[in-house]
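Chains: A, B, C and D, in written order; residue numbering restarts at 1 for each.
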Amino acid sequence: MLSKKQIAQRIASEIKDGQYIYLGIGIPSLVANYLPEQLQVVFQSENGLLGIGPYPEKDNMDPDLINASKETISMVKGSSLFDSAEAFAMIRGGHIDLSILGALEVSENGDISHWKISSGLIKGVGGALDLVASGAKLYIAMHHCHKDGTSKLLKHCKMPITGIKCVQKIFTDLGVFTILPEGGFKLCERAPGVSIEEIKAKTEGRLVVKGEIKEMELFDNE
Amino acid sequence: MINKTVKNGVEAVSDIENGAVLLVGGFGLCGIPEACINALLQTNLKGLTCISNNAGVDDFGVGLLIKQRMLRKLISSYVGENLEFEKQFTTGSLELELIPQGTLAERIRAGGAGIPAFYTPAGIGTHVADGKEVREFDGRLFLLERWIKADFSLIKAWKGDTAGNLIYKGTARNFNPLMASAGKITIAEVEELVPAGELDPNQIHTPGIYVQRIFQGDGYEKRIENKTVSK
Amino acid sequence: MLSKKQIAQRIASEIKDGQYIYLGIGIPSLVANYLPEQLQVVFQSENGLLGIGPYPEKDNMDPDLINASKETISMVKGSSLFDSAEAFAMIRGGHIDLSILGALEVSENGDISHWKISSGLIKGVGGALDLVASGAKLYIAMHHCHKDGTSKLLKHCKMPITGIKCVQKIFTDLGVFTILPEGGFKLCERAPGVSIEEIKAKTEGRLVVKGEIKEMELFDNE
Amino acid sequence: MINKTVKNGVEAVSDIENGAVLLVGGFGLCGIPEACINALLQTNLKGLTCISNNAGVDDFGVGLLIKQRMLRKLISSYVGENLEFEKQFTTGSLELELIPQGTLAERIRAGGAGIPAFYTPAGIGTHVADGKEVREFDGRLFLLERWIKADFSLIKAWKGDTAGNLIYKGTARNFNPLMASAGKITIAEVEELVPAGELDPNQIHTPGIYVQRIFQGDGYEKRIENKTVSK
């Protein structure tokens, strides 16, 4: 089973040179830490920044420069700033090459649910609905199961849906999966030491296992 | 040039009436009109509708208007940081409408740009689509969304001139320029107000035509929600 | 009968302090020359400028600073520059207080025709359709009759229409007219020395004359 | 940062194919991509569709592409300054589609912003409305208009950096930023190309994400259509 850090590491190895990328909060936000140095990619923040840099030094925190999680950040060389309409024009218009988001549930036809719910109240939709509907490539990073052990890879989402048929690839602590055009989770790789049987047992939706499924290799780029 | 200057926040908001619809700029606590919010707190206004991406926190930003029970309705994309909101919401004294952030931004932009409705893919297949027209273009499905306009827009910029031209800084720009265009009366507060002619026309983010009143605020707290630093 | 210059002068006296104004080519463009100095108004150019200044000095012509007639211009203190989408967002969104345009024909219900036609070809629509449909106050400045003597104030437009029910006031060489809500040209003022009979004879659409029609006063603000 | 630099106009346009749809920036002769147009003239391309606010004049700007009979169709708001166009139009070798300028701008902006269609009041009651859906919102009538996208956008800016960020000057901005966002491949030519990091992020008009190729042009003529001076 992978740690959150290792899920992020595994996703990082999928990133291609020259991509514009949106990272959601949680595991996705860790991906930036594991990119090979020679890769030139740009991270977008939906509140109006292309080119998110690292967190600032303590003395350089600027209240006028935050990311979508309301954290103080910095810019990189070649950053640009814009308003919220432009930020989502970029997203909706398909200019972002890859979005990496967390999820509460994914269905076997690629639907996704990730409402932010607290004490029974939906407290927000944020920018996720725009992102998942944009047609950009969408990767999901999440634990394979809820804390109570029930699967998050389902036949149908049980919670309210945030996007339909939008997921291309899922990275969990157990393995890597793609969504088949006809529906179903195709197992591509399994985490070191995780058996196909365990994955089968923990996947509620249709799992497709074809040929040999190799254990993933993890490169530590930290 | 037309001079839009007013003395301060109190004068700027003095003709807002009970039940008015307000667009309030900012993302989280970044780029919020602190001086206008403080001026509103000195009034006895009730039943306001506030359209703002977030609800602030309990003791800052739009949260202060909620705490003083000045709002009847809140239209936002995410209100997770505000706990007082939850109390009023569950007792039914405060209504909430959640809108996907990109749709919220585009609806406000449409209000300013005279576009009464447009189609967007955001929300297809979700409860956001309930009751809305769905239409196919080029083989994909889209939702019809309407413009948003307001009686007043309260926005915050970094620099402004007496003609109402505005320049924002960093990610404090966010919803402010769109909201500037969608208010019947737009009130802009700035950290530095200069005479018309001192800002480079090429660098202006919000042309003065959208701004009816402008003033220089003071004592900006600019609270940071999540202080994060590199180790 | 008024000269073009005098029509422009008459319109100038209608301009109010603090207005954002769009001036079309021809007679409307002359209006700027006759504004009282103390008036603070701003002229918009649809190609991306608020705050049109006078033509530049010969040595200050900038190819990157032109108006919608492709003439070199200058800026004033407090000008701002923007792109074409923003320029028409301003127009369509009703932020311009007053548009003053020329016209080929106006109908008694306020329709207007002013396509640019040359040798039988419609050569352009330009920004006029957006302007007349914006809901902004629309004044028309034009000669009362075509060169062949036929009226331009008609029951129905004969040429293709560029906007419906959009005109508020018409300023011609013979007089000033408003469009009545129920249709019809209401005569408000007549040009010095022009008789009501002459105006009647030269107006094809329904002319409404009520009470005493005074001769207009012209103030020379040049 | 991602480096978008190419050598020159010839390299930038080298993969444009016959029949391609091009968005070409500029208003009149102001802010037109002179270097890309010159590079196109060195090709044998045929059957291009050119979407540009104007058609240039007979011997400059888009007019040169018309003169060399490279265009099959022109989509513009006004083509009055071009005489060669008239000749080809009347013999049927060049098609023309006229679009109200504001609608043209908004349709291109929509193409870049992922808005497949929107409603506008422009053209109601005129022949522009022929065949288009008319719909009432808030008691007024509006036309449905579709997005415009292109295979390539050829745009011109004042300054740019290697990451594709652009700053325009004066009214040479016009259609360029919208077109930058609506091209599958956007080629930007600039008067001055600087390394990423030298432009102030707060002053950038077109974020680099919209630009796939950038180069510094040379020998800009910047012809003035109507030289007007104060007496």
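The rule is simple: a contact is a pair of C-beta atoms (placed from the backbone, for glycine too) under 8 Å apart; a residue touches a chain by one contact, two chains touch by 3 or more.
These figures come from a predicted structure and were not determined experimentally.
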item: Chain located farthest away, centre of chain D as origin (C-alpha); value: A
item: Rounded Å distance, chain A centre to chain C centre (Cα mean); value: 56
item: Where chain B and chain C are represented by their mean Cα positions, the distance between them in whole Å; value: 36
item: Rounded Å distance between chain B and chain D, as computed from the means of their C-alpha atoms; value: 33
item: Set of chain C residues in contact with two or more other chains; value: 49, 81-82, 85, 88-89, 91-92, 134-135
item: Residues of chain D touching at least two other chains; value: 106, 109, 113-115, 120-121, 140, 168-170, 202
item: All pairs of touching chains, each written as two labels joined by a dash; value: A-B, A-D, B-C, B-D, C-D
item: Chain B-facing residues of chain D, complex; value: 106, 110, 113-121, 135, 137-138, 140, 142, 146, 167-170, 202-203
item: Of chain D, residues touching chain C in the complex; value: 27-31, 53, 76-81, 86, 89-90, 98-103, 105-106, 108-109, 120-128, 140, 158, 168-178, 205, 222-230
item: Complex contact set, residues of chain D against chain A; value: 1-3, 109, 111-115, 161-163, 165, 181, 195-197, 201-202, 204, 207-210
item: Interface residues, chain C side, partner chain B - complex; value: 17-18, 20, 40-42, 44, 49-51, 75-82, 85-86, 88-96, 134-135
item: Complex interface listing, chain C residues touching chain D; value: 45-49, 54-58, 61-73, 81-85, 87-89, 91-92, 111, 116, 118-119, 121-130, 133-135, 160-164
